[in-house]
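Same chain, two partners: chain A is paired with chain B first, then with chain C.
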Partner chain A sequence: MYRKFLRLTKSLTVSFEKVVNFLTTQEQNPLYFHGALPLYVFWFLIFSGILLWMYYIPTLDRAWSSVNYISALPTPGDPINLAGGIPYGAVVRGIHRWGAAAMMIVTLLHMFRVYFTDRHRSWRWLPWITGVGLLLFVLFVGLSGYLLVWDARAYFIVVATQHLFDGLPVIGGALSAFLVGGEGITDYTLTRFLFFHVGGAVTIFFLVWMHFIRLKEPVVTPARATNFLLLGFILLAAGTLPAINITHELLLKYGSDPRIAAQAAYVASDAPAQIGTLVETIRYDAWYMFPYWLIQNVGVTWSWLILGGSTVLLCVAPFYPKDRRANIAEVIEAKCTGCTFCSLDCPFEAITMVERAPGSKFKQIAVVQAARCSECGICVGACPFQAIELPELHSKTLEADLMALVKKGA
Partner chain B sequence: MSEPKRTIIGFVCERSLPIDRMLDANKALLDDPETKFVIVPCSGMVKPTLMEAALANGADATFVCGCAIGDCHYRTGNLMIRERLEGKRNPKLRKTTDRRKVGMFFVTMKDRTAFLEALAQFKAGLEPKPVPQEG
Partner chain C sequence: MTSGEPRSTTPSKRPIFGVIFLVTGLGIFGYFLLHSLLTEVGPPPGVQVPAELRMETTNREPFKEFDVVKWLGWAFVVAALAEVGAAYLRKQSTTLE
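Up next is the complex of A and B:
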């Protein structure tokens, strides 16, 4: 039943991609580079993030206005900001803001493409599980980015998260205090959020390394046309929909300023946070704030059940259904010369070269790590000495099949 | 259907074409009985020597058919066989092999028609060329 479902999703995915192939050609089809897309977008976030970091001030009274300063917008009562701002700062912030949305979109695209084509199971469990970790970290880093702006929405998220933690038994209170760095919100809280955001991004690199460790030559660069297209989309969004701070208060006061009037349609941040004053509801960002939408709509307990349950489901997905695993490659010791071809070509790093005993004819021998073997037979194709075979499809059988066909045709 | 004149051996990845619906009991292609399939789990399993053996033992041409480039179920199988046949990766196809008789197709399981068209084109290349008259 479940296998049938996976076959159906595969068939639908391939049908959809046939249409994309028709539009983009097979070489440039972005869906054939789905794994490289999140990494590509991540570079945008890293570089725009470094630029933003240089001007961001993580204190309660300056965080919101420093973000405003980056966007080159005046802040009431802040004479420095009135004097100017960062040239093109709003565009860089826009790249960071819309790049973050693109990040979640391409990460989910990658996840569903892998799942729908049944490429998440069995020997691929490590890339999948680290991928679940990456998804959670992307969510975490994205959310912590919304906190740094320190507007009414950020404060709402902090209070809601503490509420969510308080719903947990035993560790809830400690987590709640850990989040803000003490009993209440202080300047240290924002320093902590900045660490969550930047430290989380660094952790993503570490997880990406684990994600790749069992993949030979992972695809890290999308096709050129996709590169330019994505770059274009993000720049277009950043240039036309800058992520700026505009409040109604600001609009009233500086509405005659053409810089503000021109951007008034794209309100991205709320009024500065005021501790103790909680807004009734926030504008939910679809890609990162769904947990808070859940809390507000189904309550804390159900939110935990839904979020925790889906994470657990994602984590068990690669272990079900089980395959027979009867066709794991076997090395024929007498024939293996230690030439390394199979080990170089194995797409899942399942073959390692091991030293032979002193005094033996050849220096090395290939060893298959059964749990990593995908039973694909690429090693058989790589071996010039017929020293590695699939037990259920011996190359002698293939040869016999071939000879029978050639004879029948003759 | 007329009696097949030639034998063309295709080494076909079981995940590329919808093989179940394309072959008769003798593993010959329904749309083209001259073409017969040897089925492998991944096109990367095919050794160039196996294709050379097909030609040496009476096949008129041979080809490999794998998943679309970029979409190999085992990530790199189609790239491996392509590089081996192009002479860029060991073990390579022997340089003395007639390249016109060795084909490669990389298709998805929804590309049956496209595959048959490409196969027809490949077979057209096998026809003996008229010798140009001097004069």
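Up next is the complex of A and C:
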């Protein structure tokens, strides 16, 4: 049943990609670069984030105003912000904000494409599991970014997260204290949030390395049309709805301007956080704040069950259903000269070269690591000595079949 | 490969678009960085700005910045469509008879 489902999703995905191929040609089809897309968007986030970091002050009384200084529009009557913030500051912040949304969208696109084409199971378990870790870290880093603004919404997130942690037995209290850097909210809290945000981003790099470790040639750059389109969309979003803090003065001056109203509805941050005062309504961002939507709508226990359950399901996905692994490549010891061709050609780093015993005719021998072998047969084609074979698809048989077909055709 | 043997390598094509893309990106990044650094010389957040400095910088119109970024965005969308168009024109049939 589940196998049938995977087969169905695979054929549907491939059919959909054929339609996109017709529209964009095969070489520019963005769906063929789904893995490179999150990495590409990540660069925007890194560069815009570095610029924002220059001005960020992680203290309770300055965090909001420092973010506001980066991106504020001129506010009449405000001696600090008469001229507005840094030129293009709202745009850079907008790129960071919209880049974060794009990051989650392309990460999910990548995940669903891999899952629907059944490329997550068996020997691919490591990229999948590290991918689940990457998804969680993207969520974590995105959420911690919301905290840095230290507006009313950030305070709501902190309180709700502590509420979520308090629902956990034994470690709940410790996690809660770890989140805010002590027993209560102090200046250390903002320093901790900055650490979460930047440290999380660095951890993403480490996980990406693990994600790639078993792939010989991972695609890390999307096709040019996709690059342009994604960059264009992020710039259009940042220019149309730049990320700003909505202040009373701003609303007074531009209140009738539909652009300000649109910003207030989408990406604008709220008024500064006031500890002890929770706002009544929170604007949820669909890509990062869904856990908090859950907490408000189904309660803490169900939120844990849903979030934890989905993570567990994602983690066991590559191990079920188990395939019959009858065609793992086998090295014929007597024929192997240790030339390394198979090892170099294997796309999954499944063949390693090992020293032979002293006195042997050849120095090295290829060894197949069964758990990594995809049974693709590339090594069979790479070997000039017929020293590596798939047990149920012998190269001699394949050759004979092909010759028979050729003769039939002639 | 020994030096006496004939070489069969062909020089790779210079990635002109890639270079333009990179240089433009670095240019924009540098421009933002420069602006940021220059602003740093100006008023830091939370500090009272002297009146004469305030007068110099009050005529900024932020929405114009957003318009420039939107034009850039549209330019990239058009460039993407041009890329797809070019790929279409260069497309070769791979159907086997």
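The criterion applied here is as follows: the second predicted complex is superposed on the first by the 371 of 410 C-alpha atoms of A that agree within 3 Å, B and C clash if a C-alpha of one lies under 4 Å from a C-alpha of the other, contacts with A are read in each partner's own complex, and residues count from 1 in each chain.
Convention: a contact is a pair of C-beta atoms (placed from the backbone, for glycine too) under 8 Å apart; a residue touches a chain by one contact, two chains touch by 3 or more.
Note that this is a predicted model, so its numbers are computed, not measured.
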Touched partner set for A:R224, first chain B, second chain C, both or neither: second
Touched partner set for A:E183, first chain B, second chain C, both or neither: neither
Which of chain B and chain C A:T240 touches, first, second, both or neither: second
First (chain B), second (chain C), both or neither touched by A:E280: neither
Touching partner for A:A90 - first (chain B), second (chain C), both, neither: second
Which superposed partner A:E27 touches (first chain B, second chain C, both, neither): both
Shared chain A surface residues [contacts with chain B and with chain C]: 27
Touching residues (chain side chain B, partner chain A) in the complex: 4, 6-7, 9, 26-27, 34, 36, 38, 40-42, 44-47, 49-50, 53-54, 57-59, 68-71, 73-77, 80-81, 84, 89-91, 106, 108-111
Chain B-touching residues of chain A, taken from the complex the two chains share: 11, 14-15, 17-18, 21, 26-27, 29, 32-33, 117, 119, 215-217, 327, 341, 345, 347-348, 374-378, 380-384, 390, 393, 395, 398-399, 401-403, 405-410
Residues of chain A defined as touching chain C within the complex: 23-25, 27-28, 47, 51, 54-55, 57, 62, 65-66, 68-69, 73-74, 79-80, 82-84, 86-92, 94, 223-229, 231-240, 242, 259
Residues of chain C defined as touching chain A within the complex: 17, 21, 29, 32-33, 35-36, 39-40, 43, 45-49, 54, 57-58, 60, 62-63, 65-70, 72-77, 79-81, 83-84, 87-88, 91
